[in-house]
C-alpha cells in the first residue's frame, strides 16, 4: 500500500469507528446527543468568532511596526496560556446582572459560553497567525515594498498565501475550546439540558462517582479531537502537494 | 461568501430563538438537591403543572446566595437557615418558606477505628475522630453541608483547623466523598447525595438520626425591588408549588436507593 | 527621472566594503548591462537604486531630484511567488495603481500572453519551472509599466532555451519604452542584450562604454582579464 492509500485507510477506519460510536450513543441516550451537539455548537461558534477577529489581528500585527509592538507581541503570546478559569471568572463578572453587561441577561446561557470560549481562542489564533504571517512577510517584504503594496492589501495577500497553515492553527484553537472546562462551567452553570457540554458533564459524572459514564464521554471527546487532528494533517499534506 | 455568512447568522438566531420558547426560570440551588436526583424527579412535574421550564445552577449554598445577591437567579432553594434568614433580612429575598428537610449522616470507613458508632452523640463522635487523629474530609465551600459541619465542630468544642488529618476540598459533596473513599477518611454528607453516590468502596454510614444532623431546606424568591428584571411571577409560582400539597407529595414520593430521603415540612 | 547620476557611492554591508566611491551616469533609454565578477557589488548596486537599503556614503540623483519620479520595478534572482494562481501573482501588483478591476484583468492577460504563460493562467504559481517563474516575474514587472526595470541576474539558473525566452522578453520591454538596467556575469548574454556596458570591479565602475566599443576593445586591464576569464583567479592570487 502506498502512502496515499494508507492515509485513506486511516481516515475511513476513523470515520467508521466514529460513526459506530455515534450510533451506539443515539440508541443509548438522547441527552448524550444533546450534550455532544451543544459542545460542538459552542466550540465551533467560538472558533468562528476567534478566527474572524484573530486572523486579521495577527496578520496586521505581523506587518506593522510601531513603538510598543514588541510588548504587544509578547503579551499576546502570553495570553495563549491564559487559564480557562480566569477567563471564566472575568466573563462571569462582566455578564452578571451586577456587572457592566448585565442588562443583556446573558449569564448561564450558551451565548455566555460562546463568549467565554471566544475570549480563550482569540489570543491563541492571533498569536499563531502572527508568527506564521511574519515568517511569510520576511520573504515577501522587499518585493511588496517595491511594488508599493499598502498594509491593508498586504494583510489580505498574506492571509490568502498562508491559508493552509492558518487553517491548521485555527484547528488548534478548536481543540483548545473543546477540551476546556473551567470557563464554560463558570459562565454556563452546567445546567442540565441547557448549558451542559461534554467537559462539564465529565466533571459532574466524576463527582457523582459515575466513572463509567465519564470515561465514555471522555472517549467521545478524544475521538472528535483526534479526528480534527487527522483532518488538519491531511489538509496540510494535500495542500503542499497541490500548491507548493 | 457573504450570503453564506448571513445564512449562518440566521440559523444561529433560530437556534437561540427556539431555546427561548416557553417561559423559563433560573433557580440557584445546591449540589445535594441536584446530584441526589431530586430535581430530575421534581421539575418535570412542575413543568407539566405550570408550563414553566426550570433551569438549575447547582453550586454550594453560599455561592447560591451570592448568585441571588447579584441578581443572576430568579429564586433560590438552599439549606442554611441562618444564612437564608439574613439574606431576606438584607432585602435580597422577598421571603423564606420551609420546603423539606433531610438529614446529614457521618460517613467513614467500615472498620471505624475512631469509634464513631460507639460515641454518645454527634458531638461526641467528632471528638472521637479528633482524638484518633484519623483523616476527615470537609467540603470547605461555604455550602449548607459545610456550615452544618462547622456548627457541629463548634458544638463538640474542637477547632478542626488544629487537626492534622483535616482536609478541605473546596468542592461539592461528590468530589469530597470521592476523596474520603480513596483515603479512608471520615466526612459529613447529606443522606440524599450519599444514597445516589456510586463510588463508596468501603465507606458506610456510621452515625445518623442525631438532632444536630437535621437539615432544613428553604425556598426564597429573589426580591424584585432589589433586582427588577427577575421573573417575579414564575418565582412565586415555584415557591407556591413546592409548598403546596402537590409539590410536597412529589417530594415525599422521591426515592433514592429505594429510600425516602427528603421529608416535606412546609407550614400549611 | 533621467539622467541618473551616481557619485561617490559607498556601501559596507556587514562591515565589508563592497562599493567604494562608485560614479556612474545613465541615460533613460536602452538596456544597460552591469558586468562583473561574483561579489563585485552588482546586486548591491541594484538594491541601492531600488531603495531597499540605505547607502553609507555618496549621492544618487534622479534627473536632479533625490527620488525617482517615475515607476521602478525590480525582478530578483529568486522572484517571490505567492501561493496563488499565475494570474493573481501578476494582478496583485497593479492594485497600488488607480485602475479598475477590468483594466487590471486586461493588462494581466495581455502581459501573460506576451511572455507565453497565457495557457497557465489558472495554475498555481509555485508549481512553475524556474524559467516560467522568471517569465512570470517579468510579466509582473512589465504589467506595472515601469519607467526603469532593474533585473538581478535574471537567467543565472536557467537552461539555454529558457534563457533565450527571457532575453526576448527583456528586448520587448525595452522596445515598449522602459529603461532596463540588468546585472549579469554571462558575457554571451551581455553581448546579445547590452546597448551599453558598465564594468564593476574593486567597488568602482572601471569602464562605462557602448557595448560595441567595450567588446571590441576593453580599456581597463581588469575588464580585459575578466573577458579572458582570468579575473577571479588573479584576485585569489593577489590578495
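A few comments on the model shown:
Note that the chains take the letters A, B and C in the order they are written out, and that residue 1 is the start of every chain.
The rule is simple: a residue touches a chain if its C-beta (ideal position, glycine included) is under 8 Å from a C-beta of that chain, and two chains touch if they have at least 3 such contacts.
The structure presented is a predicted model; accordingly, all values stated were derived computationally and were not measured.
Here the chain at the heart of the structure, going by C-alpha means, is A.
Greatest centre-to-centre distance from chain B is found for C, with centres as Cα means.
Separating the centre of chain A from that of chain B, both taken as means of CA atoms, is a distance of 35 Å.
Separation between the centroids of chain B and chain C, computed from CA atoms only, is 80 Å.
Rounded to whole angstrom units, the spacing between the C-alpha centres of chain A and chain C is 47.
Looking at chain A, no residue sits in touch with two or more other chains.
Taken in their complex, chain B has these residues touching chain A: 8, 12, 15-16, 19, 26, 34-35, 39-40, 55-59, 70-72, 171-172, 174-175, 177-178, 181, 196-200, 227, 229.
Contact residues on chain A toward chain B in their complex (touch as defined above): 41, 45, 48, 96-98, 102-103, 105, 107-108, 110-111, 189-192, 194, 204, 206-211. Partner chain A is touched in their complex by these residues of chain C: 50-52, 72-74, 76, 79-80, 82-84, 92-93, 95-96, 124, 126-127, 144. Looking at the complex, you find that chain A touches chain C at residues 139-140, 142-143, 145-150, 153, 157, 160-164, 242-244.
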